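My structure is below; once you've seen it, I'll send some questions.
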């Protein structure tokens, strides 16, 4: 599991005083940094170095989130395929599971413009963060 | 169908030069304005006036989008339930369908904090924008 | 003068129901598209093609803006220097001037990593959008 | 001084691979949380509780920022007036001062829609974070 703690900013609340649905997507993206760094330790954006692309994202909004207190984003690997893998995220505030979601990331060669198989060493590093069946919410 | 035309801004491109996945979520939210105005013509954010809340969102990224030229967001109603309905969005750039997705919106009373049935007049207005089976991508 | 019309999205309002200060910065960036296209007609982000970098931005928040109705961003060139120029923006909603601000853009070579003089043809195109003294708010 | 550490997210980089100018504004807003909590410890957005509004913001972009490593936002109070005060922010990455800026916040009554004098107890708490003359960059 990867964990990041988010301190909401004033503008993250929408007109009803709740965290806007799109802000959650930003927080999950921050939560993916640990996954990105498996592939690219210093977040090098050169097309010859960066090699992940998003194919799908989904979000379930379970409970309202507020500006205070801080929010914890928990991130696991849910499934590892040949050229892609699925990431699972949860957002927790004050002991409440407020949102969850998935992202499908494709291992992609930005120079050749095609997906490529996940190398074995990366598969092993991803597997260290697999979601245990018992932890699923 | 509701249509809005989006002019990307410089910061909407990510480090690989493509529109960031979260920017698409913002554009779809803009695309929902026509739906919101069925319920709330002047976008009044008073909890006694606003009555929609998001329960789910999903996005499929089909092709890369760029800063230029402009993007068209097309929005339909896909399904109308008792207290909720499903919105379907597409993003088009230069004749290419680049992304699609759904949002489930719940008719919600922010004063009583509970979902409430969709009134008949709103159901009729939503039904005018139903996605024809033949238009589905 | 360059003009763009902005349709606010739901999440652009902050917890007090007003447009968040940072959203204005995004709208001004969209307002700069006309300026960017003088230098780069198709918004090509290749470091050999893109040649503007921001050195400064300021914003004065004069009146509250709301989710409805649409907002007009007006953009002029205020001053043209040797390697940089100043852009002036205004945001109008329902006949009210709600915000104004400036940005200093530097003509920059992203390959050599240094500022370079503004070419004469670009200076002429910028000069066509100079802010008339009588228009200043 | 208030300090927050920011972990950039993938989409914070623009098409040239640098942190977008507007992302900096978001980070400075997060940096203001310590100031906001002097006035409103749990970030209560009720118009009878929230009492700060932004009148001005400016940003100087001194050096490029990247997705990695983390960024430190340092925040001080620069000046305390009768109904308003000035906040000063700096962004540091790897020992480099990359950006600085100011915000003028007005003590505002959102129910009566007018600015009101800063109470003495808040002035004292703000004064504990005054920028020492020797620290100015």
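Think of it as A, B, C and D in the order they're written, each chain with its own count starting at 1.
One rule holds for everything that comes next: contacts are C-beta pairs under 8 Å (C-beta built on N, C-alpha and C of every residue); 3 or more make two chains touch, one makes a residue touch a chain.
In this text, all values refer to a predicted model and were calculated from it rather than measured experimentally.
K.L.:
When the contacting C-beta pairs are counted for B-C and for A-C, which pair yields the higher total?
P.N.:
Of the two interfaces, B-C and A-C, more C-beta pairs touch across B-C.
K.L.:
How many angstrom lie between the CA centroids of chain C and chain D, rounded to a whole number?
P.N.:
Taking the mean C-alpha position of each chain, the two centres sit 22 Å apart.
K.L.:
When the centre of a chain is set as the mean of its C-alpha atoms, what distance in Å lies between chain B and chain C?
P.N.:
28
K.L.:
Taking each chain's centre as the mean of its CA atoms, how far is chain A from chain C in angstrom?
P.N.:
33
K.L.:
Going by the touch rule set out above, which residues of chain B reach two or more other chains?
P.N.:
10-11, 13, 15, 17, 21-22, 26, 29, 45, 67
K.L.:
Examine which chains touch each other and state the graph shape they make (line, ring, star, complete, other).
P.N.:
complete
K.L.:
Which residues of chain B touch chain A in the complex?
P.N.:
15-16, 21-22, 25-26, 29, 45, 47, 50, 53-61, 110
K.L.:
Going by the contact rule set out above, which residues of chain A touch chain D in the complex?
P.N.:
On the chain A side, the touching residues are 4, 7-11, 13, 17, 26, 29-30, 32-33, 36, 42-43, 45, 66-69.
K.L.:
Inside the complex, what are the residues of chain D that reach chain B?
P.N.:
10-11, 13-15, 17, 20-23, 67
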